[in-house]
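Here it is, the structure in full.
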Amino acid sequence: MKKYKIGIIGATGYAGLELIRLLVNHPDAEIAAVSSVSFEGQDIADVYPNLKEIVPMTLESVDEIIPRCDLVFASVPHGVSEEMAVKCKASGTILIDLGADFRLHDEADYKKWYGKDYKHPELHETAVYCIPELHREQIKNAPVIGNPGCYPTSISLGLMPAIRAGIIDLDHVIVDSKSGVTGAGRGLTQGTHYPDTNEAFAAYKAGCHRHTPEIEQTLTELAGTKVNVTFVPHLLPVNRGIESSIYVQLNEKGRALTAEQIHEIWSDTYKNERFVRVEKLGNYANIKNVRMSNFCDISLHLDEHCGTLIISSVIDNMVKGAAGQAIQNMNIRLGLAEETGLLTVPTAF
Amino acid sequence: MKKYKIGIIGATGYAGLELIRLLVNHPDAEIAAVSSVSFEGQDIADVYPNLKEIVPMTLESVDEIIPRCDLVFASVPHGVSEEMAVKCKASGTILIDLGADFRLHDEADYKKWYGKDYKHPELHETAVYCIPELHREQIKNAPVIGNPGCYPTSISLGLMPAIRAGIIDLDHVIVDSKSGVTGAGRGLTQGTHYPDTNEAFAAYKAGCHRHTPEIEQTLTELAGTKVNVTFVPHLLPVNRGIESSIYVQLNEKGRALTAEQIHEIWSDTYKNERFVRVEKLGNYANIKNVRMSNFCDISLHLDEHCGTLIISSVIDNMVKGAAGQAIQNMNIRLGLAEETGLLTVPTAF
Amino acid sequence: MKKYKIGIIGATGYAGLELIRLLVNHPDAEIAAVSSVSFEGQDIADVYPNLKEIVPMTLESVDEIIPRCDLVFASVPHGVSEEMAVKCKASGTILIDLGADFRLHDEADYKKWYGKDYKHPELHETAVYCIPELHREQIKNAPVIGNPGCYPTSISLGLMPAIRAGIIDLDHVIVDSKSGVTGAGRGLTQGTHYPDTNEAFAAYKAGCHRHTPEIEQTLTELAGTKVNVTFVPHLLPVNRGIESSIYVQLNEKGRALTAEQIHEIWSDTYKNERFVRVEKLGNYANIKNVRMSNFCDISLHLDEHCGTLIISSVIDNMVKGAAGQAIQNMNIRLGLAEETGLLTVPTAF
Amino acid sequence: MKKYKIGIIGATGYAGLELIRLLVNHPDAEIAAVSSVSFEGQDIADVYPNLKEIVPMTLESVDEIIPRCDLVFASVPHGVSEEMAVKCKASGTILIDLGADFRLHDEADYKKWYGKDYKHPELHETAVYCIPELHREQIKNAPVIGNPGCYPTSISLGLMPAIRAGIIDLDHVIVDSKSGVTGAGRGLTQGTHYPDTNEAFAAYKAGCHRHTPEIEQTLTELAGTKVNVTFVPHLLPVNRGIESSIYVQLNEKGRALTAEQIHEIWSDTYKNERFVRVEKLGNYANIKNVRMSNFCDISLHLDEHCGTLIISSVIDNMVKGAAGQAIQNMNIRLGLAEETGLLTVPTAF
């Protein structure tokens, strides 16, 4: 079978490298070209020696690669993806954007949180935001797919069954997330300098992280009513992984249920989902059990004395939180089996 | 000046070692004796080579050391401390217990959470639980002092100003804590085996950790009304440090305040406390800034769109969460300046 | 095509888990059965939750699984593998032993370093020790294959070109190795307890590690004369990876060469080896560039003022140092392409 | 007693911060002023929040602080310290330089390794390089003291007894060192970005690190004959600590000794040294046992079958390898007891 030709824009960022790592073993897709503004003209293995003798490719310019590809992934700063979408439209290339440009439905939200207007509003009318487990039906013909943020993925998958089942108060959602340092990207900052990060731990952007509107957009859509979320991320001294501890109050309907009945709601919701695993009651979702994989593991814990349900949802921020989910979206968009190239065993250690 | 003679029971546990580390530089106290059941008769430097040529002491039995000491610290499993208290009473030795036996006022709580009855109920009548910033007046003559747990210390100090000022709803306190691995002690478990812990992260004992009744006891006492807390600890892959992110809803009084006014409540509360530091608005409490020290750093973050106040409170679990606070209690009990021997610079890295 | 049926004995050790992780994506082999003494009768996903919904298998006894398999991997304590070999012989099952029982040619060495006699000396006559890059021709019909130790693999691959080219003194080989903590296995010890290992670093078994005779056996065989090695391993606070810094003195022939000419010896030696990559001069082999992969990366550094050649050789101790190399040996033994199922991109982070 | 007034130039580098941490508890010295080019005019606690409420000082210019101080420490890039020495001379202030400008006796070495000439050669005539255990007699009146590099300290202390006793070959010294990441400083580089450093390990500057001439200078001075060393540093994913594994061949005199006799040479040499501890035979020096302290721990291991002696020497690179040793030198220079302010217990975890 002919393999789909795939391009990667922003290939030298961490998400770009992870796309390469995963696509190398994809049976129906081949990496046709890689692009980087900072390293154009260099061999990618000179930037990332782990690719030596496996991915012998030279970094090219965006204009060179888009026309040669059936589909491109873009992992570029916000504001730049729109330009990519314009170029892709011209050559009939599908775009999956790992940045923020095509995630928010409401331009006002984009402007508020990212400080920019849309330059090409018409592109946003046909672009589709897609967490596969929630929106897979919507992207079958989309020219542009907005790939979700890492935190929103872990949170939306954790909360979705509760909202659909109508068992929680919606005016009181607290999310305490912790992310590995790759989430901050490859760019150098004092806060991600090794001695400043190792053996350290703190919250950041409490109540003001840019993923907040994306989280609320999905939850509001699910609930049919505006949902506000207090979202506080923390920087975790590990390379990979996000754990989101989600605190919700059970409503009257929810409080009438046993822990086992609540657990069954999640199990039923995800019983046919290949990449969401619901832990047995008593077990705890742990980032190590999803490392290097596209899984989202969810565990449920009931604090009866407060009427609080605690949902712990973990993903690998670079896979289900970025490159893996992007390939899952690619598979859907190209009509391939959704798990193609993604069913690997998490490394545990 | 004569130095007080101090004994350490359970000296080979992590808290015991930390007591030694801090007491070595205490100007008014000297380590007179150290005790260990597991290593009795051995040189302590054979168990902890970091002590070589600084603490040339042999581990003795409890019965040998108590009568020789003015004050002893006990860091032993729950249920054992009562026995220590009996022995201390006999020799007129003050006891500061770092375990759980003397923390809960209500025996029913102890029985529920620790599965045991008090064997010597009379001892508990004169024993005093003491977080110095809250209860220092109460221990001046106490024969037995119950030293607080690590999580409760970080949480109580973070929340106290809110409760005293009456600006939050008390029926809705969510605490998401993360602790370094020394909090789990020196005993071997699969969950603290290096390859199972490193690059891993998960919650544990969600809603059912034994520190819950201790936290609620202190908050209830402060509030004058029963306070329930949803408390979820997580194991953090660092050696030391606890960060507690506390989520509370502002009540009408609270919502009338600006972030600056709220911040002032904490600043005022702690302006004369040597070991509690309130971060400027915009800064985040980070465990690295309190490492190896007795400080508790607190930062405040207001999520106005939800009416949620986020309090981030950090301590070194082995110092302010255990050995340091115990020495702070010792200083109070012995009539010394409270900060004696404890004013060191956190190591940052 | 029919897939080969593979069994894993000692499946709940770290090497066992890694075999599972790699075999799940092997196109020509299927995991037919898994065995564990400690967890017999349990689902393996209850021991390793990362396997949930991917490897739905129950742990069986050794006797149940051997007859059903074409080939079994054994990862068991030394002394036990011989018993496995007896059982395998009875059912015509190929055995690849990841332990030490079939590594040493000389029973006297085994007795000296492991303190045991061979119980079944006849088995050792047909068993073959195999680092594929050195011995692949020898195992084509072997009933039992002794899979190499992790340290010896990194060291033998690093040194082989030097010995074959005859450019170094053989009476003066110094090897300073550092291994990630998975190398110490899943069993609990104080030395691998997280707070004792994290932020720590030390040598261990300096000059007396059991891998010494295996290293010397291979080097001696290559040199045709007895080679003695000073081998000092260190415990590195990471999960995976071995770096061996090998220090050799150039002989007259070696000193006549430029750095480029020396480099060419390694490049030529490994130009057709899929799993050995020689770094460009000036680059340094780094364990991160081989993580989760079967690669061995080697870099060369010349200290002209001392006439010393420094060879830095890195592998993932769990892959090229254990499970990956075992599968590479399996591929050879079964007549499959050597790289089948093993060509994945190292994760870098 | 009047306290000596101490200034710190380059106070916002890691060594500067460590000087502050240690001097805060020094009984005979007070930090009179701190200086930083990058952060002049700011409160130091805004740069390092761990100093909040302990060190309430504003960063000043160098010219402001030198005249006010009895002694200043400078931790600045090479080439800059000479300027500091000129200013100190003018005001009669003692200078302890933590950089490289005053370490090498031979200007040719400085030029070769640092690419610069001395601008003020006359300053170097009275400046003294000082590892206290080797050169303490020489600095009693020195106007400028060159504080040793971190690697040279660990290596010189490890090797000194061997050279003085004349038991090793001097033409064959191999040193494999590993350093925590603070050794690379606070400046941002890709190689010290958290995800590139964590779970990674590699050598760097093999055979060409700038500490090589300093190491050889000290060993040559001890031996009375030119000693060449193959020195290979590695970057260790921990915050602090250096372990140097030193490999030397015993000469005829050395081979005639038992391990116990060799051990006695080190024990005797250091029996009156407060900051050098020789491990019992069989124990291994570990960086955790010296963390946050001024100790150098040394362990000895004999590989009889190769005639190789392995010396493992560990220090905290920021303390004995920088700030602590600088204060030890200060104590000597000011006529204070050498251990003043430095006798703290290593933290172990």
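Lettered A, B, C and D in written order, each chain numbered from 1.
Here, a residue touches a chain if its C-beta (ideal position, glycine included) is under 8 Å from a C-beta of that chain, and two chains touch if they have at least 3 such contacts.
Everything quoted here is computed from the prediction, not taken from an experiment.
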Interface with more contacting C-beta pairs, comparing B-C to C-D: C-D
Chain of greatest Cα-centre distance to chain C: B
Euclidean distance of C-alpha centroids - chain B vs chain D, Å: 36
Cα-centroid distance, chain B relative to chain C, in whole angstrom: 46
Rounded Å distance between chain C and chain D, as computed from the means of their C-alpha atoms: 38
Contacts with two or more other chains, residues of chain B listed in rising order: 14, 182, 195, 198-199, 237-240, 286, 288, 291, 349
Touching residues on chain C, where the partner in the complex is chain B: 14, 180-182, 186, 188-190, 192-195, 197-199, 237-239
Chain C partner contacts - residues on chain A that touch it in the complex: 14, 17, 20-21, 24-25, 48-55, 182, 199, 239-240, 277, 279, 283, 286, 288-293, 297, 318, 343-349
Chain B-touching residues of chain A, taken from the complex the two chains share: 172, 174, 176, 178, 195-196, 198-204, 206-208, 228-230, 232, 234, 236-241, 243, 245, 247, 249, 284-288, 291, 299, 301-306, 308, 310, 312, 314, 349
